[in-house]
Amino acid sequence: MDSQSPDIQAAILTQALPYIRAFHGKTIVIKYGGNAMIDEDLKRAVVRDVLLMRYVGINPILVHGGGPEVSDAMRRMGKEPEFVGGLRVTDAETMEIVEMVLTGKTNKNIVALLNAEGGQEFGSGLAVGLSGKDANLLQAVQETGRGDIGFVGRINKTNPAILHTLAGAGYIPVVSSVAIGADGQSYNVNADTAAAAIAVAVGAAKLILLTDVEGLYRDFADKDSLISEITAAEARELLATGTLEAGMIPKLEACAEAVEDGVPRAHIIDGRRAHSLLIEVFTESGIGTMVVPAETGYRPLLV
Amino acid sequence: MDSQSPDIQAAILTQALPYIRAFHGKTIVIKYGGNAMIDEDLKRAVVRDVLLMRYVGINPILVHGGGPEVSDAMRRMGKEPEFVGGLRVTDAETMEIVEMVLTGKTNKNIVALLNAEGGQEFGSGLAVGLSGKDANLLQAVQETGRGDIGFVGRINKTNPAILHTLAGAGYIPVVSSVAIGADGQSYNVNADTAAAAIAVAVGAAKLILLTDVEGLYRDFADKDSLISEITAAEARELLATGTLEAGMIPKLEACAEAVEDGVPRAHIIDGRRAHSLLIEVFTESGIGTMVVPAETGYRPLLV
Amino acid sequence: MDSQSPDIQAAILTQALPYIRAFHGKTIVIKYGGNAMIDEDLKRAVVRDVLLMRYVGINPILVHGGGPEVSDAMRRMGKEPEFVGGLRVTDAETMEIVEMVLTGKTNKNIVALLNAEGGQEFGSGLAVGLSGKDANLLQAVQETGRGDIGFVGRINKTNPAILHTLAGAGYIPVVSSVAIGADGQSYNVNADTAAAAIAVAVGAAKLILLTDVEGLYRDFADKDSLISEITAAEARELLATGTLEAGMIPKLEACAEAVEDGVPRAHIIDGRRAHSLLIEVFTESGIGTMVVPAETGYRPLLV
Amino acid sequence: MDSQSPDIQAAILTQALPYIRAFHGKTIVIKYGGNAMIDEDLKRAVVRDVLLMRYVGINPILVHGGGPEVSDAMRRMGKEPEFVGGLRVTDAETMEIVEMVLTGKTNKNIVALLNAEGGQEFGSGLAVGLSGKDANLLQAVQETGRGDIGFVGRINKTNPAILHTLAGAGYIPVVSSVAIGADGQSYNVNADTAAAAIAVAVGAAKLILLTDVEGLYRDFADKDSLISEITAAEARELLATGTLEAGMIPKLEACAEAVEDGVPRAHIIDGRRAHSLLIEVFTESGIGTMVVPAETGYRPLLV
Amino acid sequence: MDSQSPDIQAAILTQALPYIRAFHGKTIVIKYGGNAMIDEDLKRAVVRDVLLMRYVGINPILVHGGGPEVSDAMRRMGKEPEFVGGLRVTDAETMEIVEMVLTGKTNKNIVALLNAEGGQEFGSGLAVGLSGKDANLLQAVQETGRGDIGFVGRINKTNPAILHTLAGAGYIPVVSSVAIGADGQSYNVNADTAAAAIAVAVGAAKLILLTDVEGLYRDFADKDSLISEITAAEARELLATGTLEAGMIPKLEACAEAVEDGVPRAHIIDGRRAHSLLIEVFTESGIGTMVVPAETGYRPLLV
Amino acid sequence: MDSQSPDIQAAILTQALPYIRAFHGKTIVIKYGGNAMIDEDLKRAVVRDVLLMRYVGINPILVHGGGPEVSDAMRRMGKEPEFVGGLRVTDAETMEIVEMVLTGKTNKNIVALLNAEGGQEFGSGLAVGLSGKDANLLQAVQETGRGDIGFVGRINKTNPAILHTLAGAGYIPVVSSVAIGADGQSYNVNADTAAAAIAVAVGAAKLILLTDVEGLYRDFADKDSLISEITAAEARELLATGTLEAGMIPKLEACAEAVEDGVPRAHIIDGRRAHSLLIEVFTESGIGTMVVPAETGYRPLLV
């Protein structure tokens, strides 16, 4: 596509105008994960998409987990990862590894990538990494009723002031999915849920979950059953049927929760497609699945 | 080009990143004129280019004249336009017509076009029309030594505070080439020169003149002699040869003056090509002729 | 009166104290028209009155039409003005002339007069001319039900942000009575009505209409029947009687509307009397007719 | 003069325009004293003059002494006032009386008068009384070399920040001529000198001393020898002649010092004439004697 | 105690942490009086306590009367002080003395003491003295129904804006208990009441009255009957019994009134004990008597 | 010491006054390390000291390394730590472990401790952890000429804007000693040096290194040779002798460099003593060794 003529390049830029206008000054929370966090080309594409958002006046906030890197580090420390019902069994040692990997490695890699592209002399657009422990951003209590899975937490309070401070000064916050308990204990929290909680707390215009699927299927086996738009109420019904594949459940729950708590649009999109963020935000071809408060017909620009 | 896939659209958007970053917060003064102010498609393209600049954090300022519309109105009022050495002979009645047409018609048409595209509920991005008389923006003395051509003025002072006020509040200023004398007399001033004076006064990063030629030719008859880059000193030499075609002289003088007074880059570009503004500012294919302080090699991003 | 002793001058200045105090920081919208816009001495007096308001901390906004100059220009272009029910029949060509004259000539003459008196090196107090098209200030739909009178508009929306931007930076806005339609069409709107709409939109403390009569007469033939104070409700009753002379109707309607929509005081005063603005605002001799929300007794200082 | 017609009143108001414009945002320090502080009508006139200054955007600062009231209080306490070379012999008990009278009585009377006229619900324009001890505004060392006169001080340092705080919030500071020593001792300082020191410290545009004479006479016996304008250097020469009457010496010294230290104009005017402050500041009839940095011809507006 | 080791000093500093945190940014109004205003060591201790509050981010406001000094000055002027029901009979001459002493002497002594300790080059922390007449801070009507006691006033209005201006700029306001009437008359007001009125007006977190007793006794004769905590309602009941000693009545009334009008805590503490202010505010040993809105158990940190 | 009477507590608080005043609004950079980062009581003491600084208006910035925890984690991953000349040999895998431990574990533990003590509902005083990669805070090039020790870096650039953003909003920044290269490579940098670089970059009033010794000894074997004060030049001489024990070298170099680059005071103090930070900053008993620009005599308050 580098072979596009400058005239076509210019024409395409102007097609993004209404979207740039609509999201100017708004906050978009992006759950970053899956292949888009592993494949080098996809990583670079995400970084550019996020920087473009920032430069056109949007406040992007990235939230990430990092399961595979955690399991990898655990094995290097001679500890076999164990899961119950999709949740990592998190004893004290595991929690320490989770935190070191997510906050000390994954987070800083994302920050460094953004800063390498973002340019050092530019006043704004630099990334700052946080864990949920910084400024008490994400506060949690122990998850109970899911069996004995250790220090897995459920977010019960957020303190988003630090995000406003950073975004207001032009920085891009990058948040790892570690939370702090009232007792000082660290908790491992689901990154989709953390992203939803942050989107609600900061009054985001959009929550976007980057996944490794095209979106939500009514019937996962039937690739023609992709759902373009679904209301939060319908999402709850679908969740209640118990027929969804396991990986999609926390994602759809996060979207439903965000929308129920005031985020106008939550999206599950395909992170394996380069620039899927830009396609979702800046083109008329909305992609993946959009969760909305009520049935709307497709109106991608409503903010 | 609407047939481009969203993926290509997104990829192209990200290619504009370094240019958006480089000009963020900078001011670009655009002399708007020629076909780009007549042809409906070109007009729409210019408007979108300017809005895009505004939305990505650039402060664009438009300066315009409007020769053909003035001559037209004069004839409707039974007055035959007359020119001496390319300058309109401007008696009192003509001056009144010049002012009414430029400020009351041409200016407001541009303003209305920008506002129609710019969207009414958006806080910033709306256009506000000014003449050089508003807030004493452009102040002039009578041009002498060019024969008896009446109220043709030479800008001798600018008061750019109103431009900072408007740009600071997110508006797009559109300025007609009418100036005020210390004696309260209105003066007809050259729009290229007015644009250069404003670019200097506001500390613009670029002055761009939209023309009806591809750029400056070393030999106008030889279309292969287009000059990509020229220093202000070389421009002065070229002007001194007396071989340039008449229409190019004030444009090249305006560019040389702007660069000599501190504007880092002045451009003469082809307004007949749709989105030539965006191509110049946001792609690596710089177009037309660029006047620079000193020989540089082509470095479009130096600001 | 220049023969007044400095002692008397000083004493008179102090008598203005309570009025200066009362209107400090308030906005006063002035419909400028009639003889006060034609007679050179009166023009100078108005300009000084407005500047004095500005210097003592009031935000004055001028709104003007300019009927006679429009008719004049039309005739020069070989077009005979035509009126139906007091409204100018405004075909496309007429609309263009209206706009050129009001915005390109009348408006800039007022601006230039203010700036000539206001002094160039003073930070604030400079005038900036606007039409209703600038920053979508005045938005209109076509007036229907008054016969086929072309592009005569009725204001249906205002966007006063640009007035706050200018007044906040110390400028004096001068607005011509041209509005923009959602369809991009220019509309000729009544200047009294435009002034009232702006007074409401900016939360003005006063609307003052400069006219060529002493005020509102209960019986126009009886010069002793001048009404000093009238409530908006009484004004509506008076309008309903159908006995008012034609020229007064839109003025009284504008005042009633402004007061009904929250402006505490609307005044119809005699622009033929030099400094009538100052007399109304800064002396205890209120003049002309004041429209108020409810019967009050004469309390000129209530703001 | 209350019989003046409103038209004349309005005309006179506009004559003040250029002066209002010239002093807008400037600070004027006024030494208040003499008859203007005793006669009830003059007091009221001064108060109104000062409030008018404040309302038109000037920051007035009043500085006062209060000799007669101090002597009066001393006598009531059975202590006979004593003077050496025009300076009050100030033992510890006298100093206490000086301070109580100036700061606790004279100062608060002025404050109360201003606040009674200034109106209670108006945000700004209220007076606040200070002594030189508040916020270490006036700091002094003991005057030596004038004989044994006790706690008479010479100002050696000022801390004007509190004046900026008050003026910035719209208050009118009223300062009594009491200073604090580094040792915590109170000092009785000359009010003319204190006013000059404050004028220098705040960068005032004018220092005005209200006195009980018309101005400075070259020959006090010859009422025709009033000096309209004098340079600081000439003032120093005149002082060196030793021919000036005693009362004028500290006043002329204060003016010369202020002008030498950067205050553009210092005035000695006749406080017995009602509204002499306004006449000096707002009319073209400058009055009294003006001390300037260099010979100028009379240019009352130079600031 | 200067012999304390630095380690113990440091440990003690950290024990103040929760109190510093709790009162950061809050306002505390202190009625300064009694022995603490006479004894040199106690005076120095109070000054240091107040400065410490200021430096740790609290806004302290001091309010004072000064009975003994007034009586003393009266006698020196040959006037015998007279009291009716504990209130000073205040004829015109007495009022003048009251004002001179409180505002011109007592107030400035406190200001000078604070400024001597507070250091001159430090941006904030300097004291500024006010009487209730400054900026119309305390407004009063004549007290009636207590016999013919002259210009004794009851506060009926406050204008606390000046306190916000001063505190916001880092100054420490010191207020004497003199008020102004609508008629311009000065009034002698009770300092406890004045402090309560100011505490209510500024939304203080605490009102503290420094007295010469340990606190409120249920039975003054029984030193074991000291009341640590009492609700405003209980205080009113106690006042209604008529058994309280006279000196305590206005103090308890002031506390009850402050608490009823929204001040969360009002304290009567022993000013004869050095640093009693710090002990109350910064240690867990609350002292004296605390008046609260409702029964609480002792929770000194509730703000 | 909890047995101290409240009176003594209060007295001690006031002794800190001059120090609080002197450092109000200043920045103090603290290198946190050694026993003070391991012993639970010492950790709590440091946290309280830092919070107290913050509450009294100082901006503390913590910088830390964490050698023992890194070595520990390496061994758990089956990797033996290796040192050359006191520097950790840092291959790619080691660098990853360094970063995970310092940024993901040590840093967040400090942050959590501060936030647990700092209280969650208080607007300011919350800690935010950063690595040198966040917002390009610490930028480094590879250390060469110390043998092949891998990714050990030397700081060559800092971008302290993020520290101003955080401190300006009331947060306490905690920075781990990891830097970013222009090539995107992470570097392990010495924490003492990092603290010095940050102290210089933010214009700190003090740099304090917490160590496990009492200070700098002229002769380490002779505990009586502790140096209280040394100039930067003397420190350089001492370093040049080559007689210092290895652990002290980088610390003294960091202090010398900070002082040479404008930090007025750099301190090496004993972190094994509880509250040594407070003792140094808030008492007259300066402790440890102070490096100063030039010989001074002991003046702990010079800032």
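The letters A, B, C, D, E and F name the chains in turn, as written, and every chain counts its residues from 1.
Keep this in mind: a contact is a pair of C-beta atoms (placed from the backbone, for glycine too) under 8 Å apart; a residue touches a chain by one contact, two chains touch by 3 or more.
Computed from a predicted structure; not experimentally measured.
Any chain that touches subunit C and also touches subunit F would be listed here, but there is none. By residue number, over half of the contacts seen at A-F repeat in one listed pair from B-C, A-B or C-D, namely B-C.
Averaging C-alpha coordinates per chain places the centre of subunit E 44 Å away from that of subunit F.
In this assembly, the C-alpha centroid of subunit B lies 56 Å from the C-alpha centroid of subunit D.
With centres set at the average Cα position, the gap from subunit B to subunit E is 68 Å.
Residues of subunit E in contact with at least two other chains: 123. Judged by the touch criterion defined above, the protein chains form a single closed ring in which each chain touches exactly two others. Touching chains close into a ring; read starting at subunit A and passing to subunit F, it gives A, F, E, D, C, B.
Residues 73, 76-78, 96, 99-105, 107-108, 111-113, 115-116, 120, 123, 126-131, 133-136, 139, 159, 161-162, 165-166, 169, 171, 178, 180, 184, 186 of subunit D are the ones that touch subunit E when the two sit in their complex. Subunit F makes touch with subunit E in their complex at residues 1-2, 4, 6-18, 20-21, 24-25, 45, 48-49, 51-52, 55-57, 117-119, 122-123, 125, 273-276, 278-279, 282-283, 285, 287.
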